[in-house]
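Sharing a structure, written as structure tokens. Questions coming.
First chain written, first letter: the chains are A, B, C, D, E and F, and each begins at residue 1.
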Amino acid sequence: MTNKSFFQPVSGFVLPRFAGVASFMRLPVVPPDHPRIDDVQVGLVGAPWDGGTTNRPGPRHAPRALRDASTMIRAQNGVTGVRPFEALNCADLGDVTPNPADLADSLRRMEDFYTDIRARGIIPLTGGGDHLCTLPILRALAKDRPLGMVHFDSHTDLFHSYFDGQMYTHGTPFRRAVEEGLLDPKRVCIIGIRGTAYDSEDRDFARAEGIRVIPIEEFHTRTPVDIMEEARGIVGSGPTYVSYDIDFVDPAFAPGTGTPEVGGPNSWQALEVARLLAGVDIVGADLVEVSPPFDQTGGTAYLGASIMFELLCAMVSAPGLKP
Amino acid sequence: MTNKSFFQPVSGFVLPRFAGVASFMRLPVVPPDHPRIDDVQVGLVGAPWDGGTTNRPGPRHAPRALRDASTMIRAQNGVTGVRPFEALNCADLGDVTPNPADLADSLRRMEDFYTDIRARGIIPLTGGGDHLCTLPILRALAKDRPLGMVHFDSHTDLFHSYFDGQMYTHGTPFRRAVEEGLLDPKRVCIIGIRGTAYDSEDRDFARAEGIRVIPIEEFHTRTPVDIMEEARGIVGSGPTYVSYDIDFVDPAFAPGTGTPEVGGPNSWQALEVARLLAGVDIVGADLVEVSPPFDQTGGTAYLGASIMFELLCAMVSAPGLKP
Amino acid sequence: MTNKSFFQPVSGFVLPRFAGVASFMRLPVVPPDHPRIDDVQVGLVGAPWDGGTTNRPGPRHAPRALRDASTMIRAQNGVTGVRPFEALNCADLGDVTPNPADLADSLRRMEDFYTDIRARGIIPLTGGGDHLCTLPILRALAKDRPLGMVHFDSHTDLFHSYFDGQMYTHGTPFRRAVEEGLLDPKRVCIIGIRGTAYDSEDRDFARAEGIRVIPIEEFHTRTPVDIMEEARGIVGSGPTYVSYDIDFVDPAFAPGTGTPEVGGPNSWQALEVARLLAGVDIVGADLVEVSPPFDQTGGTAYLGASIMFELLCAMVSAPGLKP
Amino acid sequence: MTNKSFFQPVSGFVLPRFAGVASFMRLPVVPPDHPRIDDVQVGLVGAPWDGGTTNRPGPRHAPRALRDASTMIRAQNGVTGVRPFEALNCADLGDVTPNPADLADSLRRMEDFYTDIRARGIIPLTGGGDHLCTLPILRALAKDRPLGMVHFDSHTDLFHSYFDGQMYTHGTPFRRAVEEGLLDPKRVCIIGIRGTAYDSEDRDFARAEGIRVIPIEEFHTRTPVDIMEEARGIVGSGPTYVSYDIDFVDPAFAPGTGTPEVGGPNSWQALEVARLLAGVDIVGADLVEVSPPFDQTGGTAYLGASIMFELLCAMVSAPGLKP
Amino acid sequence: MTNKSFFQPVSGFVLPRFAGVASFMRLPVVPPDHPRIDDVQVGLVGAPWDGGTTNRPGPRHAPRALRDASTMIRAQNGVTGVRPFEALNCADLGDVTPNPADLADSLRRMEDFYTDIRARGIIPLTGGGDHLCTLPILRALAKDRPLGMVHFDSHTDLFHSYFDGQMYTHGTPFRRAVEEGLLDPKRVCIIGIRGTAYDSEDRDFARAEGIRVIPIEEFHTRTPVDIMEEARGIVGSGPTYVSYDIDFVDPAFAPGTGTPEVGGPNSWQALEVARLLAGVDIVGADLVEVSPPFDQTGGTAYLGASIMFELLCAMVSAPGLKP
Amino acid sequence: MTNKSFFQPVSGFVLPRFAGVASFMRLPVVPPDHPRIDDVQVGLVGAPWDGGTTNRPGPRHAPRALRDASTMIRAQNGVTGVRPFEALNCADLGDVTPNPADLADSLRRMEDFYTDIRARGIIPLTGGGDHLCTLPILRALAKDRPLGMVHFDSHTDLFHSYFDGQMYTHGTPFRRAVEEGLLDPKRVCIIGIRGTAYDSEDRDFARAEGIRVIPIEEFHTRTPVDIMEEARGIVGSGPTYVSYDIDFVDPAFAPGTGTPEVGGPNSWQALEVARLLAGVDIVGADLVEVSPPFDQTGGTAYLGASIMFELLCAMVSAPGLKP
């Protein structure tokens, strides 16, 4: 592919990192109608929507906060040396257009956006948005075959419904996804579950479907290396989605989220589990549930952006990348 | 009415104001199924819902923040000497139960709640919630005849629709209310309009319907006494609703709101316009759009609670109170 | 016991967790004059007082902040599966009434409140207040025999006096309690001590009395399981009080406290040590020293509420519960 | 007086204003045992105590916050051109030593400190502390004759007692001062009273004693020039104390205080009323009730320091200054 | 000019205002190498540099914060009805590239950038940056003839030097500009001066040069209409620069700035003075000294963006606009 | 040395820790012209300068914030029992005087200050300031022979230049120091390196010069004891400087810094590595890069002050102390 430099982020040695219009990781902004759109291999997308939130709101503001924080990210992975912006053509595709006052319309708009992205062979890396955003993404990416999934979270998001029959909330996306055949439950691994629970209905469903749930008490007695080896084994070599809820991380490290649960992993573990996805056939990934109104220092957005960078580095070795 | 002391707030001379479970103004909590419910004359209600919000969210958290701040309120109006808790049986009726992920369902639930309240002859004083909450309240209170309204706001909330046909948002409640015959536009006065505008569609509608709009540039050249005299003249002696959007006040005094507009009234003016409603036949009132996630000092909630107290004092002289 | 459902918290599937008047864990409010008071087995109590604070103030505001945060707590322990609200009749007993400007009067008021609670056979779980609150609680609970104690803290609170003879501060409660025969020092275990010290007077007293102090440098080289096994051995099968100062936890996880000490346990360890109290004959417990004015994100109150939930779960297996 | 330069503040043209150990207005620190103490004419004193606070605490932290903010103050009054540090020998006398856990002991310690200051002929300008601090100051300064007083506040602080007989709180100092003969009620003027009230007991006392109270609704219809002319007339040419509670100012301008009342003066009026004290025989002054834990931006401390500078400038023309 | 719609901001009715990559007022980003650059009439520019700051830093972060806040701005002026984006081709030109560690190099880089802008006939509307940024802008815009200036500020910025000969700081730009012949002092009007002063050196210079200074005590006794009539008279019909330091506004309305001075105008006055510049031959304007690290609520950035919108509306009637 | 008590900090048992003018650790302020200066063994110095900062600014405010936080420090090390203020004559030497608008002038002023300190045989313990402050300190302390260094940081600060040839920034001090012969690279150990990187130029330089870099992924698999044993071996018995960048610590524990990198050590590890420097011949030390504008809770300053106390305790056993 020619003209590689178009896709290079602006360096902090040229323009200070606090300067300039803030795009994801200082990449060029290439919306779907941009002439270079078909050269993009990985597209960073914002999903500014939180209509599925049953608790504290705010993730609608996350894409902008993540973009701002992500301007602190530099070119090279400090641990692995990977330089994703040289390895891949990356771009900021802008935001999907939600309807903040209509849940069903928003799901449709998001599915359409990602269907177009997928048709172009672009792997989407989304900055949410609440976790219900993942459902229309999966509807777009898993239209023709179910996907495996590695899911980092403190909640399973496998509940049947809320509030007397509300089927679509940020606590139900993966129940719906399994029901709709978008996920192959045998190839799903959920890591980090903790906090108080209403009941065990979600865990019972997981068990019945063969979804592997690694609760936090198990996480704290094993190593990230060990756990991610298991997770990679579960998803195997098939196409896999990665969904990363920032509330997977302990709220001391990530206070800016709507439904925090204390007792979680620290920031080093948060990065490490993402880094250990290298080699998985990632067909899409997201980082969701950052809530800027509850993120007074901006530290949650910065951790979120750092995790997105690790996910991007993991994608460099994804077998399914378009050439 | 006997047993008056039941309805007295706990005094700060007995239990410090920071202590105790926080109800509105330290009043007894009397939900609709409470044995004393029919003795209540004015019911303070929380509407923890912001599903109509097209911009920054958060008013779902306002009822709790308003309750907390309202524990600073004492028994007597500093200017007029009115002691509303002696004049009226007031109680905290608790919160309406919204469905955070379903707009239509939430509107129904709210309408039902207020229909019941009205049937009991209780005047509701609501702590919102976003401004769309006022629509179901009006549907309940204006079922049989249109109401007049005094409306404090920096926005008219008279827009036709958003986002390609979205009819129910916090920018449209009064357009719907006029269309549905819940408001008599000739008896509606909107005060404080300012800020940038998409266009003049809302103002054109107001003009066509005979709604009186007092923009901020007019407000700043007149006095609150003068303006409120005009407003009282417009609503006359008929039944009147008072809707107070906290963004009427300048954001230096009320930063905790979703769509602030700079250049507004100060806090003294904010109180004074409410105080000057005495004598109006208030059949219901609300204070909406406080957004606690954007109210870092809690000052907005405290101003909101202070305005609610002024509205309550104005109700003492409302002709339509049940005996 | 009949009518169990009275004592069930409101579910977040019925009323969203941000809605409703905030009581501890959404339990019914049952003050001492309530008709159901004698059915209560565990009473959650607020102690809104910080008159013993020699450093940064604020815990007077903690009960309200803890109540607010505790509405995020659900019905079931994520690790053990315990459902305390089904196992026990729990209620929010409201706040003790302090006198913010008179230390001695406040101690008397608190002792009276807890003496009444104890007479009813209710186990109190207190949300402080500063650590001096524990002294009048112990005076009420240990009137007839000394108690054992498990004490989590970064300070021993065993000092003789401050400021030239000030005997009652939040740094002296347990010195007084030992002197007054309220604690059996051989059955006291203090865990987490760290930070700079004025001198070793407190540690010398502990050694002389046989109090076991586990400093943080020892904590960090052992496991919570190992340490709590020792602690349970020290208190044995006798009646035991649990006092949990939130400054036990590292200030990154619990910044909202008056005298933080860096280098402490993380939030997982903070929960785990409480969980490992199961089986101990807990006759009362507290979580103290949360200071909301220094807790900008509310995360400290939320961690505090989460610890209170673990303490409550541990009480489910306390041998001394009334039937 | 020789060696004038000793008493000059460090200039921001020499050492940037954010640099250096923070003393009041960058003045030399001259505690009572310092060799230059008797050359001081006006002594800036910190009173880090809030033991009389019945509501939200924090003024114990104010002296340090005021010192920090006051390093922004320069040498010359922008409006009048007065250069107080050239006109007077000013120094930072350090803090009085309170006992945070003993109210009576603290009152004694403060009275002793100010008795010593007065014996040296130094006019104290105090940065509080809560308003009860003013009582021991008056006990020291008015030992031999009652003083007049100009008092800016949103509360009269003339209450008889709180909490069933608590005589010493920050709501009672001036009731005590009148009873003890420290103030001549005919020469007392209280300005800015507003907010809800428990009852009218304080206002009745004022009326009975001949204290002039200017409530906020009167303030807002007159000018500062007019009001201060009346106030100067009331105190006349006799010795006068000035007590300035920061909650006189509207909480948008001064959020960092424990008992804010909305609807107050703005910052320009706040400065102007202090400036218009020039010519009064000020024998002492204070600025109290700044509560840094509630002052997230530091703006309240900065306004407080600016008011202290105006008070200092007014002192330049005080007839009773020692030569 | 064809293809007008290219220069239209994205409407909030299409994409919610919190969504999308944040450019100034949601305008297209048209850096100097963009094909449409020569169609731009007014260019919004960020100057992310604060190397001249002698006090609290932070304005380097302002351009990004202003862009974010400015996405709340809609298409039409609420008072005048002006629709600037239809009247003029406006675009976001991106940021100038400063060198944060080299003052002289930064001044050069900024001068070069604006020289290029001017050569293209684009009127720059800059979001600073500290006030020293205005010097290189003037060097570019006033190369061939001195300009008049309307300057809103609480400081004159006319000082000779700081720190023993430091000639270039944010307190000296207009001294340098007069010395370099960039400003015609007889056509300069400075409005809002207040706060404590080191001395009168700056005011003496102004007087000697014929610069009109309107101090705050005069401002508060006149009306904005009256003052701006005088200001328009001073600058006359010649080419004029407008420099607006956000610290002109009272810190209750604009806390996020490095050197606040209490006692300033409110937000309505802040807007009104800008609005009253209509008709002046504005050849450039700036809004400087917003300091996001001190702007915890973001309210200062939002006021700043609102002022920039008023400046933009005033430019619509500037005689010197290119066709 | 006689008159030891002069150098004792004020005890919190005498004056509450929130009271009094804030000096470092409540030590006496002994500027270079003070009569007791030559009795000082360890001098605590503030370096209020951040002119080398290429990213988010603010460390200019750190000395004052560190002093404020350090008043929480007591007399005795909780782990080792060391009482440094009895072992050594310590004093607060005040701040170096920077020129905020001139980088080169500031470097000169700092070098001069430390040259004087060194000539008096005082070991400086500096609270920065950004990391470029360390360069002039090394120029003063290493004039006659190169030093070894233990350097805690998430960045190597070994870069050649920024922004097209900018040689002096906070990312380059140790490159310059090696080039100038101030450091013996074979005796330098850098610990904690992490985060994204521009490239490997700094690491290549380290390797070529023989500087030992311990990256975070190695740190997390070893123990502090093990690592510090290696570090002590590298610096050996020669004179050694200790430079501690607060961004070494994870931003959950130290958010208040300009260039945070997630995934770092916790606060216990942060203290432990400093404690394990005992025995090293420390000739100077610093704690830099605390940025108060980004430290909303003050927790970073408090951790910084706690680390400074550990560094001071380590100095007690430094062989090169003057008697």
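What we mean here is this: a contact is a pair of C-beta atoms (placed from the backbone, for glycine too) under 8 Å apart; a residue touches a chain by one contact, two chains touch by 3 or more.
Listed by chain with UniProt protein names: A, B, C, D, E, F = Agmatinase.
Just so it is clear, the structure is predicted and the values come from calculations on it, not from any experiment.
> Based on CA centres, what chain would you say lies at the far end from chain A?
That would be chain D.
> Report the inter-centroid distance (CA atoms only) between chain D and chain F in whole Å.
The computed centroid separation for chain D versus chain F comes out at 40 Å.
> Among the residues of chain A, which are close enough to touch at least two other chains?
14, 16, 18, 54-56, 60-61, 100, 162-164, 250, 252, 266, 294, 296 - these are the residues of chain A that touch more than one other chain.
> Among line, ring, star, complete and other, which best matches the way these chains touch?
other
> Touching pairs of chains, which are they?
Here the touching chain pairs work out to A-B, A-C, A-E, A-F, B-C, B-D, B-E, C-D, C-F, D-E, D-F, E-F.
> Residue numbers of chain C touching chain A in their complex, please.
Within the complex, chain C touches chain A at residues 11-14, 16-18, 72-79, 81, 250, 252-253, 266-268, 270-271, 296-297, 299, 302-303, 306, 309.
> Enumerate the contact residues on chain B facing chain A in the complex.
50-58, 60-61, 99-103, 105, 162-164, 166, 168-169, 293-294, 296
> So in the complex, which bits of chain A are touching chain C?
Chain A residues touching chain C: 54-56, 162-164, 193-200, 215-217, 220, 250-252, 255, 259-260, 262-264, 266, 294, 296.
> Can you check the complex and tell me which residues of chain F touch chain D?
14-16, 18-23, 29, 46, 48, 60-61, 63-64, 67-68, 92, 94-95, 97-98, 100, 296
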